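Next come two complexes built around subunit A: one with subunit B, the other with subunit C.
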Partner chain A sequence: MGVEAIIGRCQGLLEDLDLACVSEWKAAGEGRKAIGFLPVYVPRELIHAAGALPVGILGAGEELEIVRGDACFQSYICHIPRSTVELGLRGKLDALDGALFPSTCDVIRNLSGIWQLMFPEKEAIYFDVPQNLDPQVGGVFYRGLLAEIVTRLQRVVGRDVGADDLRAAISAYNASRRLVRELYDLRAAEPWRVPTSEAYLLLRAGMRLPVEEHNELLANYLTAVRDEDRALRDNARIVITGTFCEQPSLDLIRTLEHAGCYVVDDDLMLVTRWYGPDIRTDGDPLDAIAEAWMSADDETPCRYVADGTRKGQQLVDSVRRCGAEGVIFAAPSFCDPALLDRPMLQAVLEEEGIAYTSFKYSENTAQLQPIREQAGTFADTIKLWSDA
Partner chain B sequence: MKSTVIKEPSMVQQKEMIADHFQQLAEAAEHGRKVVYTFVPGNLTELMLGFDTLPVHPEINALQSGMRKLSGSYIAAAERVGHSEDVCTYVKCDIGMLLDGNVGPTGKKLPDPDLLLLSYTGCFTFMKWFELLRERYDCPVAMLHVPYQADGEATEEMIAYVARQLETEVIPKLEQVTGVAYDRDRVREHMLRSRVAEDDLVAVLEAAKHRPSPIDAYFGGVYYIGPMFTAFRGTEAAQAYYRQLRSEVDARVAAGQGPITPEGLLDEERFRIVVEGPPNWTHFREFWKMFYDEGAVVVASTYTKVGGVYDRGFRHDPDRPLESLAEYCLGCYTNLNLPSRVDMMADYVRDYAADGFLINSIKSCNSFSAGQLVMLRHIEDATGIPGGFIETDLVDPRYFSSSNVKNRLESYFQMLAQRSSGQEVESA
Partner chain C sequence: MTLSAGVDVGSNSVKAALVDDGGADARRLLGSAVQRIRGMDLADAVEECYEAALAAAGVEREAVDYVATTGESESVPFRTGHFYSMTAHARGGLFLVPDARAALDIGALHGRVIRMDERGKVLDYRMTSQCASGSGQFLESISRYLGVALDEIGELSRRADDPEAVSSICAVLAETDVINMVSRGISTPNILKGIHLSMAGRLIKLIKAARIEGVVAVTGGLAADEGLIAAMTEAAAEREFPLDLRPHPESALAGAIGAAIWGAFRHRKLSRLAPAG
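Let's turn to the complex of A and B:
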């Protein structure tokens, strides 16, 4: 499959708000179940091991008019809970048999309760990842939580989940993370070859497809795109941060690119590339998943950084590693985690002499011209300084 | 309504306790006392007292700044240094106060913390708040992760996890900062005192089941919970305060009196209301007046449970101090899932024979506000009573529209009046 066909398929999946692809997958096998999950992190391995399809619930983008979802929320709140409720009330999440709500923030936390109240027939599992990273304390709690989630998933799918099922799932997702890392490395090295709009569509496809199929798609893309003849432009290399939960629209991502930015790193779709090394496949698989979380030094605004001197360091490292020339803080409106983190991260960038600019968006931001102008000016300024 | 301002002994007592506390804070350095900044929900006061530390609660400073009409300029100062208009205004108010010299409500500068005790019970923003303060103070942080009661219960695993963190994270840091060793018996003694005061507080809150209610359990309630939710739980002073308060409320019940408002005793109780959500602090008096002018008395509120749900049976248990503190943290109101919050509100409406219920949705507080409109519908279904909904903020004066709030409240009370006269006609 060529790049165009792969990206066309991903685009189709992104636009599949009714989750027809999930219904089709379920219909293809006896008793198949699908479990949704919200950003930022859940171990999809558990769902896969239970034979169910993990499906990302990532809002409705710019496509859906929000009517009933708006009636459920106060004025000052980000967009993702509105669109999630809208999708649910319009029957667009009917293909899901339950959902995991990670402890990302108070909004997603409360959304788990809204789901319980509105969709009582569906499973609602709150996923309270520990902030205490001591293996004997947070680790023990987390191991227990994983076991509890497996038990609940077993109830949904109506069968037992064994250690080998979990190991096979870990292997499949290790392969996925390796491919995603390869994609990100290639984009950082040759951003003209891998536009972020394409990388993003590929990752979004992973929120719908079974992991094995998605891995094949990623591998095919990585082969095909290396043969593409794509022109190198004099764009500014930037890192985007703040987009870890409510997603910017594809148009917004394209707008940044058209404004002269090569995105060389970002925090979009973090669930696809958590932790550094692979999760081990020997020993107890739940221990292995817990250890991976406890030892990962991935930083997001949803995770407590115990060592204050490390705060923001990951962003600086990303800028250096990817050869970025600046950072764009793109945060969803009314997003406490992203917006409260921002001044701390900006202070670190200032100390390091790294240029940045900031704006807010929502998944359905229609007016992209101001963002285009701001990003364009930022890119021009960066180029001016780097050429001087 | 009688127009004389009544100052009951308990009010004087509380004022003195607060003044004394701020005096101690002002003299902390002189006396070698260590200062711990911490939050109201999930506060570990008995444990902190066991190390002879002095607590500072940034939310209380923020609400005091709101009441003293300083929060607007503090928030503006925080926004000038890069904080977004969109985020929790308590945080910005605190940062602004810090930028302005960290002068507390008594006009004295607050001491810097020796420890930031970050228990983020019921709200993720607490974590960001202390990450931000950590940048400005050179002191350790003890972080206590309190899991969420997503399925409506505190499990054994959750309790063990929180208790283990107290042992391995919080106590060692308190020991390190104070140089005092953890003394289980000392903490137990404070917990014994807490229990007594907790019984008295519950008796006060439940007195609102009388008709007329002798208290306002929201506007008046925020004063009643003050000592229990802050530096005093577990002290002799708090014990004495609640004993006194209870006797005053008992006397009002015996005399068939209504609550005391800023304009004196309320003579006629027209509407009994349950309220969900925190109050607005910048226009607190004006907001309260909108209720008592209509004869509306709040008979139960959820805000008065953010620092503990004593009326639902929780008591500090000196025989299992750390587990009991863990249960306390897990049980604070905003750590309860939405179905539990709906149940609590519906129970209040029934148990306190309320005529209506109101939600005050706080602009910048997702912990409380996200999902309140869904709660509203479920409470209506459970009680058969229509609810009211208003939007304000805690401390950002830009988000309190007096005319808007007043109009909404007036229409709501009018609707309740029509409803009750309709019911009277039906039952006649």
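Let's turn to the complex of A and C:
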């Protein structure tokens, strides 16, 4: 399968707001269940181990007019919970048998309550990842929480989930994370070969497909894109940060690229590449997942960083590692985690002499000209007036 | 010397320029071309325009060190790099009018004023809002109502003896004004001058808002409209606002020229940064 066909398929999955692909998957096997999850992080391994399909709930983008969703949230709340409610009330999430709501922020937490009121027939699992990273405190708490999620998933699927099921799921997602890291490494090294609009579509496809099928798609893309002759452009190399939850539209990502930017790192679709090394597949699998969370070095605004002096270090490291020339802070309007962290991260970049620019968006932002203007002038500034 | 090309893909036409650039004062325009898009596939228009510019410059395609785009870059698959249109117009304006520290870019879709320094670095800008009444597209629509060719507008406007005021805010209302004027028997020169004065008022407001005085290079397609330039000069004098507007015979090419100059700059910079060997 060539790059165009792979990306075409991914685009089709992105546009599948009715989750027809999920319904088809369920229909292909008796008793199959699908469990949705909100950004940023969920242990998808547990859903997979239960034999269910993990399905990313990432709003409706620019494709759906929000009518009833607005009734649930004040005007100063971001867009993704509105479109999630709208999708649910319009029956577009009917293929899901339940959903996991991580502790990304208060809005996502409250969305889990709204979901329970509106869709009482569906399972709603809110889970609170530990902020205390002491293994004896947060680790024990998280291990217990994972076991509780497994118990609730067992009720949904109507069967027991064994240690071998969990180990197989960990292996499948370890393979996924390796492929995603390979994709990101290739893009950082040769960004002209892997446009971010394509990388993003590939990751979004993983929110709809079974992990094994998605892994095959990723591997095929990596092979195909290396064989494709693509022109190197004189673009500014930038890192995007702040996009970890409500996703920018594909058009917005393309706008940044057309404005003369190569995105060499980002925090889009973080669920696909949480953790550094593989999660171990020996011993107790829930212990292994809990350990991986506790020891992961991932810094996002919705994960507590106990050592304040380290705040922003991961962003600086990303800039250095990927050879970036600047950072674009792109955050959803009213995203508390991203916008509260932004001044701290900007201060760190200023200390390091790294250029940056900032804007806000919504998943349904249609007026892209101001963003194109801002990104274009930022790229020009880097190319014409920086010392490098 | 660096041989660079600039391709400016606008909403009405494609402009291409070839520049022989040695940096500082050692740069010259080798050749250029303009291709109207109307009715054409955009990719074909780009290709034809670029080929025509290469032929005018007597340059082989393979000899070009850097192809820089501005405007809609996606339709130029052979580009090396892209510059935002403001960046390109500022540099092109400075090349055409070296005394200028500002460029007034009046294109098909909007008017925009850019304040810059002696290197062409953009310091500030203002542009017309989404309403098209300060743009070439608006003027083109009006010329169709009046049955006047675009290149006749300037001269007709200068013959006006009693210009008729039109709405200065909304292109739709202004068009209605014009239809009313035609039915009332207002002469074409007086209608055109009224439109020019209306556009001039909007553009002068932009210039004032950007705190620009003195020499202003006029770029974009409407720089060739002598009626508009005259109306702006008159309107500035009436407001006792010191403004020295300098259109140039190659003003329509300013974006392409500016992109080419910045492309040459990048080519030299990247050559310096490239690892030896």
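The rule we apply is simple: the second predicted complex is superposed on the first by the 385 of 388 C-alpha atoms of A that agree within 3 Å, B and C clash if a C-alpha of one lies under 4 Å from a C-alpha of the other, contacts with A are read in each partner's own complex, and residues count from 1 in each chain.
To be clear about the criterion, contacts are C-beta pairs under 8 Å (C-beta built on N, C-alpha and C of every residue); 3 or more make two chains touch, one makes a residue touch a chain.
A quick note: this is a predicted structure, and the numbers were derived from the prediction, not measured.
After superposition on subunit A, the partners subunit B and subunit C are accommodated together without colliding.
Of the two partner chains, subunit B is the only one that A:I114 touches; subunit C does not reach it. In the superposition on chain A, A:P81 makes contact with subunit B only, not with subunit C. Residue contacts after overlaying the shared chain place A:A259 against subunit C, while subunit B stays out of touching range. In the superposition on chain A, A:G353 makes contact with neither subunit B nor subunit C. Rounded in steps of 10, the angle subunit B-subunit A-subunit C defined by Cα centres in the superposition reads 100°. In the superposition on chain A, contact of A:G29 is made with neither subunit B nor subunit C. Note on the superposed arrangement: subunit B and subunit C approach each other to a least C-alpha distance of 20 Å. Taken together, the two structures place no residue of subunit A in contact with subunit B in one case and with subunit C in the other. Contacts from subunit A toward subunit B in the complex involve residues 71-77, 81, 101, 103, 105-107, 109-114, 116-118, 124, 126, 128, 130-132, 134, 136-138, 140-141, 144-145, 148, 301-302, 304-306, 308, 311, 331, 333-337, 339-344, 346-347, 360. Of all the residues in subunit B, the ones that touch subunit A in their complex are 81-84, 86-88, 91, 123-125, 127-129, 131-132, 134-135, 141, 143, 145, 147-148, 150-151, 157-158, 160-161, 164-165, 168-169, 337-339, 341-342, 361, 363-364, 366-367, 369-375, 378, 391. By the touch rule above, subunit C contacts subunit A in their complex via residues 66, 73-74, 77-84, 86-87, 121-122, 262, 265-266, 270, 273. If you check the complex, the residues on subunit A that touch subunit C are 231, 233-235, 258-260, 373, 376-377, 379-380, 383-385, 388.
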